[in-house]
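Next, two complexes with chain A in common: one pairs it with chain B, the other with chain C.
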Partner chain A sequence: MASIKEQFEVPSKMKTWSMALIVIGVISFILGLITKGMSGDEQEKATFIGTLMYNSIFWMLICNASMFFICATTLAMGGWHTVIKRIPEAISTLVPVFGIITLVIFIYVVLIDRTASIYEWLDKDAVAKDHLLSGKSGFLNPAFFMIWSILAIGIWSILGHRMRKLSSEADEKPMDINTGKSYIWRNTVTAGLFIVWFALTIGSTVPWFWMMSLDAHWYSTMYSWYTFGSSFVTGMSLIALWLIYLKNKGYLGYANENHLHNIGIFIFAFSIFWTYLWFAQYMLIWYGNIPEETVYFKHRVQGAYKGIFFMNIIINFVCPLLILMKRSVKRNYTLMTFMAVLIIFGHWIDFYQMVMGSVRENEASLSWLDFGIASLFIGLMIHFTSRALAKKPLVSEYHPFLKESIAHHI
Partner chain B sequence: MAKKKFVVASFDDENVLFPAVKKVRLAGYKIHDVYTPYAVHGLDKALGLRETSLHTAGFIYGISGTTIALGAMSWVFVSDWPLNIGGKPHFPLPAFIPITFETTVLLSAVGMVLTFCYLCQLGPFVKKHHFSSRATDDHFVMVIECTSKTNVEDLKAFLSNTGAFDVNVQEAEANWWLGTYDKEQVLIKDEPTVA
Partner chain C sequence: MSLLRYESQLREPLVDGNKTYHDVTEDICRPIEGKPGKLWYIGFYISVALLLFGIYSVYREVVYGIGQWNVNHTVGWGWDITNFVWWVGIGHAGTLISAILLLFRQTWRNGVNRAAEAMTIFAVMCAGQFPVWHMGRVWNAFFVFPYPNSRGPLWPNFASPLMWDVFAISTYFTVSLLFWYSGLIPDFGTIRDRAKTKFRKFAYGIASFGWSGSTKHWQRLESLSLVLAGLATPLVLSVHTIVSFDFATSVIPGWHTTIFPPYFVAGAIFSGFAMVQTLLLVTRKVLGLQGYITLGHIEAMNKVIVLTGSIVGCAYLTELFMAFYSQNQYESYAFFYSRANFFSPYGWAYWGMMFCNVVSPQIFWFRKMRRNLWVTMFLSIVVNIGMWFERFVIIVTSLFRDYLPSSWPYYYSPSIWEIGFYVGTFGLFFTCYFLFSKYFPVIAIAEVKQILKVSGESYKEKMDKLEEEPVEEFAHAAAH
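This part shows the complex of A and B:
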């Protein structure tokens, strides 16, 4: 058995890799800014901003999904995740970092640039003439958009910070039954606040603002849940990757394939959940066949995004369904690594077509820029997550549920 | 079906039961089954039972459901009686998905329940022998099958030594149907790491 005080040290190789990824990302950002962002061509510019937007939204939401995972299990009085809790905690420290990047992009798009090539509803004259858009203008306006975005990201960060601080308390001194109970209760309260705010943001308004309003005329009640499903399944895959990495390096002595299995169950279940929403959104619109509803799917199913759209279903539904169904696969480190990488890629592609399918309707160009910007975010993620992991011991020694988590067996 | 002789040992603690199971298997006795008031984690491993194949059966039932639903609907709407419904194609796959899904779930759920009943030898009008009525309350009951070579008195003394507070001998019908796990129990010698 491993000793209980486990302290992660960032390997120098990891530092080099994350720095290399960040450098590649920064170079492609600068190149993209010169070739596309500053070009006179409206569409090229929209492509550049769109790429930045879907990447920052995607990577921030999957980091936030980690905090959602902690809060949801806390509310459900779940104890099995206690030995691996430091991983989602470390990942969630990225929410303020990526949140600031996202906000900077939104401030540019909504307040500074104000062109309608990204958000149609920014054009005041067009909105005044348009019956539908003027009806929505109480919601879709720059002030509401910015205030709500800042509030969303700010409150996620603050509550996430409080959850992490509470978690550190379990490192300090042993708890008797009463302090243990009050500790769990304080965790429950903060987690409850987070879940409520999460429902008000990711569960509804934030995806409407950030992504659904790219097609300002179109709407779907499934859209926010769809975004949530996408981000949560990717967040779980990310946790699985970190768990496997740390196990490989000899950390987390108490975590075993039972914990990996449980994460695998989450990935499997939420892949199915995502598909359910995907299908529910698609089928009703397909069956109704009303022009103002099919406008979203027209170029995705029949136009330039056809290949990506259906590849999406194969990667995110067929593969997890067939591969992750078996118990032995969820307990296999190699196959879980493969599936986690595949699912992160698949949902990144999903976000790509959600945003770029609306920004650039007639051409799907998954180019060096997309991968370059993604590498910037991956590099930042590795850098900050490993730093946050190194700050605290990997096991919270006096957590009331630690024993339950060590004995976890499925 | 022939009656068989069983030695029934009752335990009142999970922590006594586990070492007892291990000792009994090491001594070479054949455990018929262990009846517990609740699902005891790790007991299946300690008993050396193989993993259930119920989920494989479920997968096969599910695939059959998918095939039956898709096959039936496409036969009806494409070849037997094509209708124009709202200008949709004759093979509207998205519209078929919900029914396909439901048939898949229906067949796998019902099939798995029936398979489970078959494997556990449960069914209407089947009388099962109860080795101890308190197995549903607070006792852990280990039942050992006697063969022609078993010395019952030795076994009883052995079981009392392992911590059983009550040991008795019962005669009962063992099976009512084919297909039990009896033949597939792994001998403890083959399996060096037992919990």
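This part shows the complex of A and C:
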């Protein structure tokens, strides 16, 4: 029988693995810096920076999706996730870590180097000659970009920290109905603030700044919601992987296939939701057939990114649709592991084509560098998540909805 | 002890008062078995009168032609399509409550789903009127159906979103109706078994399809519900998505934007919930169902309203931002001249929409407001006015100043028969709703009974022992 004081200890094997991944990542970074970053070739340099950018943005957003998940379920008065809540909490500790990495990259690109091969709007001469770009300069300018990015990441981190701190209170002493209600209420307030800020950043401005402005002339109102869809479904897959890992190691005695099933429902539903947004964006631009809009898809569908473009749909739509539809699959640890890994990879590819498809239009080269940099982020993610998991009990003993979560049946 | 469901005492009960299974049946069947009150008759006759006015308005349009309406160049779509989209939008809450909330296992849906689904069906019936009568030569309406015909190789245009609408809405209507009806069967069975008059026994006997309440019947009903819920879930999204395609596939400034599909769906759910609130606040009061449609239910729906209202607000601002960001002069004309400009001919509609849909629902961030019946009633009406404005803004402001300035001075306002048609659909809607509230159980009797022992007030109070039990023992009991 599971005991409540479940305390995770980071196995030495995990430490070794995460370190190995980080080392591989650092070596790739250095090699990339030498062979591409400092090669003098603008194109190569842009590839190097672009690779750093999409990786840092992608991994940060999917870790932030964990906090979004906690806040959304809190606001919806959800109870089922209480026994597994420490997993998304631990993952969300990565937001400031990856946030700093992302900001460092942005500081280099936007303030120090003003890399116009990444963001065309950084090139003052080009902007002056181009009335479209100069018209946008009220929004697309380095100062606004940096201030907004710092605010976005900073406030996610602060509110995330507050949510985690609140969560620790449920480890301390039993709550009666009144203290329980006020506890839930305080959670709701912070969660509400987070969701509002989330809508103002990931739901709108941040993807415009960071990624849509790579194609400075192009625009699509759907872009941010699409980015949200992509990062959220991946975030849920990451939670599923950690849940499965901990269950396999004998932790989380109260969690069972019902909880995994529920996460599976989220992954299935949001895979379809992502596809819905994908289709709506693509179809409307295709149907309207206005050159200013089709320019984004032209080289992605017909040029160098053709393979990746279709792979994106197959991995992120066809596979989840066909495989995750069945109830038994969502309750099967092996199949869910496979699907979670597949979906994380699939949406990583999605971010790859979103960023690199704009940075390097005529050539799609998924190379050792992409995987090397990804390994840096995965290593860091494993390292920090496992450390955060080990800091607190895996189950918050006095959470008012804990019993609901234990008795969760679907 | 096996524990199938458990609900924290922290959550407020979903059924108030010390109700037993028998009380539930009695309370919900009472209006059906008794005579309706005076208010019911007054309401019903007013609705029928409105409906008759609507029928006369449509008669004018059919006999004398579309010229009876003020739609003309350049505003070829006016009140009719505005009203069409508005009604379709309202028809979204029912299926969301019954399908998506079923999949999310939100048990509060059990108190409100029946009325919401009924409302959905009536709203879709109203919506369907507009495109049909707008055809002008309505006797050719069957041309929309693709079948091998005697008109030469003449098929409808499958590449047109208007054609997709025909399929989307008819599918939606069919599935919603089946879903609603299949849930009604056990309740009809209950009414039949209680019937004291021969006619009632006969009528509800037919309506309940020989329901016996056997395990086999329940099993089949449950699996049918789940399958229909699965089918209905994508339909919640697809219908308004395709309605949004009617606009977004074109290249008209203000219409062609990629965010339209999810934004229309959010808006539809928003207005649908507002309409559910309006109806249920009256229904629960008149029929004395406060124990089943509790303040908790109203609060939950108000939360959905503030959420969807904010999503819609986010989309409005995104559109407005992109009109600037794109630096496209036509987009910026549509948004900054025709819409967001208070002094343009239709500026009042845009700002009315912004106020009603984005600003006013924010009041629901406060718990006190969410649980205040008068505020809820007022806001639910404000929201529906706002959502009507939204469709009017989208349609009329994008059309009234097109690329040909010579046609600009024209200001579109509806004729009496256009207004009459709209009023008539209110008549249709409320006539149906009044009949529904008299002859149908407005709350799903069987489904409320399912949650009674978990969420019923008196039962929750008895849960003290479970609440105080140490977690380990609780977990042990839950697992065995």
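As a working rule, the second predicted complex is superposed on the first by the 410 of 410 C-alpha atoms of A that agree within 3 Å, B and C clash if a C-alpha of one lies under 4 Å from a C-alpha of the other, contacts with A are read in each partner's own complex, and residues count from 1 in each chain.
To be clear about the criterion, a residue touches a chain if its C-beta (ideal position, glycine included) is under 8 Å from a C-beta of that chain, and two chains touch if they have at least 3 such contacts.
This structure is a prediction, so every number in the text was calculated from the model and none was measured.
Q: Please determine, from the superposition on chain A, whether chain B and chain C clash or fit.
A: Because the two structures are overlaid on the shared chain, the partners are seen to clash.
Q: Considering only the touch criterion stated at the top, classify A:406 as touching first (chain B), second (chain C), both, or neither.
A: second
Q: Quick check for you: in the superposed arrangement, does A:192 touch first (chain B), second (chain C), both or neither?
A: second
Q: Once the structures are superposed on A, label A:287 by its partner contacts, choosing first (chain B), second (chain C), both or neither.
A: It touches chain B and chain C both.
Q: First (chain B), second (chain C), both or neither: which does A:132 touch?
A: Touch partner of A:132: chain C, not chain B.
Q: Please tell me which partner, chain B or chain C, touches more residues of chain A.
A: Of chain B and chain C, more residues of chain A lie in contact with C.
Q: Applying the document's definition of touch, where does A:111 land relative to chain B and chain C: first, second, both, or neither?
A: Neither: A:111 stays clear of chain B and chain C.
Q: By the touch definition at the top of the document, which applies to A:34: first (chain B), second (chain C), both, or neither?
A: It touches nothing on chain B or chain C.
Q: Have a look at 45-53, 135-143 or 207-215 and say which bit of chain C overlaps chain B after the superposition.
A: With chain A aligned, chain C clashes with chain B through residues 207-215.
Q: Please report the chain A residues shared by its interface with chain B and its interface with chain C.
A: 283, 287, 409
Q: If we count contacts the way the header does, which residues on chain B are in touch with chain A in the complex?
A: 41-42, 51, 55, 59, 86, 88, 94-95, 97-98
Q: Can you tell me which positions in chain C touch chain A when the two form their complex?
A: 3-11, 103, 105, 234, 237, 241, 245, 248-251, 256-262, 303, 310-311, 314-315, 317-319, 321-322, 324-328, 365, 466-467, 471-472, 474-476, 478
Q: So in the complex, which bits of chain A are touching chain C?
A: 1-4, 75, 77, 79, 131-132, 135-136, 139, 177, 180-181, 184, 192, 196, 199, 203-204, 208, 219-225, 253-254, 265, 272, 276-277, 280-281, 283-285, 287-288, 290, 292, 397, 400-404, 406-407, 409-410
Q: Could you please specify the touching residues of chain A with respect to chain B in the complex?
A: These residues of chain A touch chain B: 279, 282-283, 286-287, 289, 325, 327, 409.
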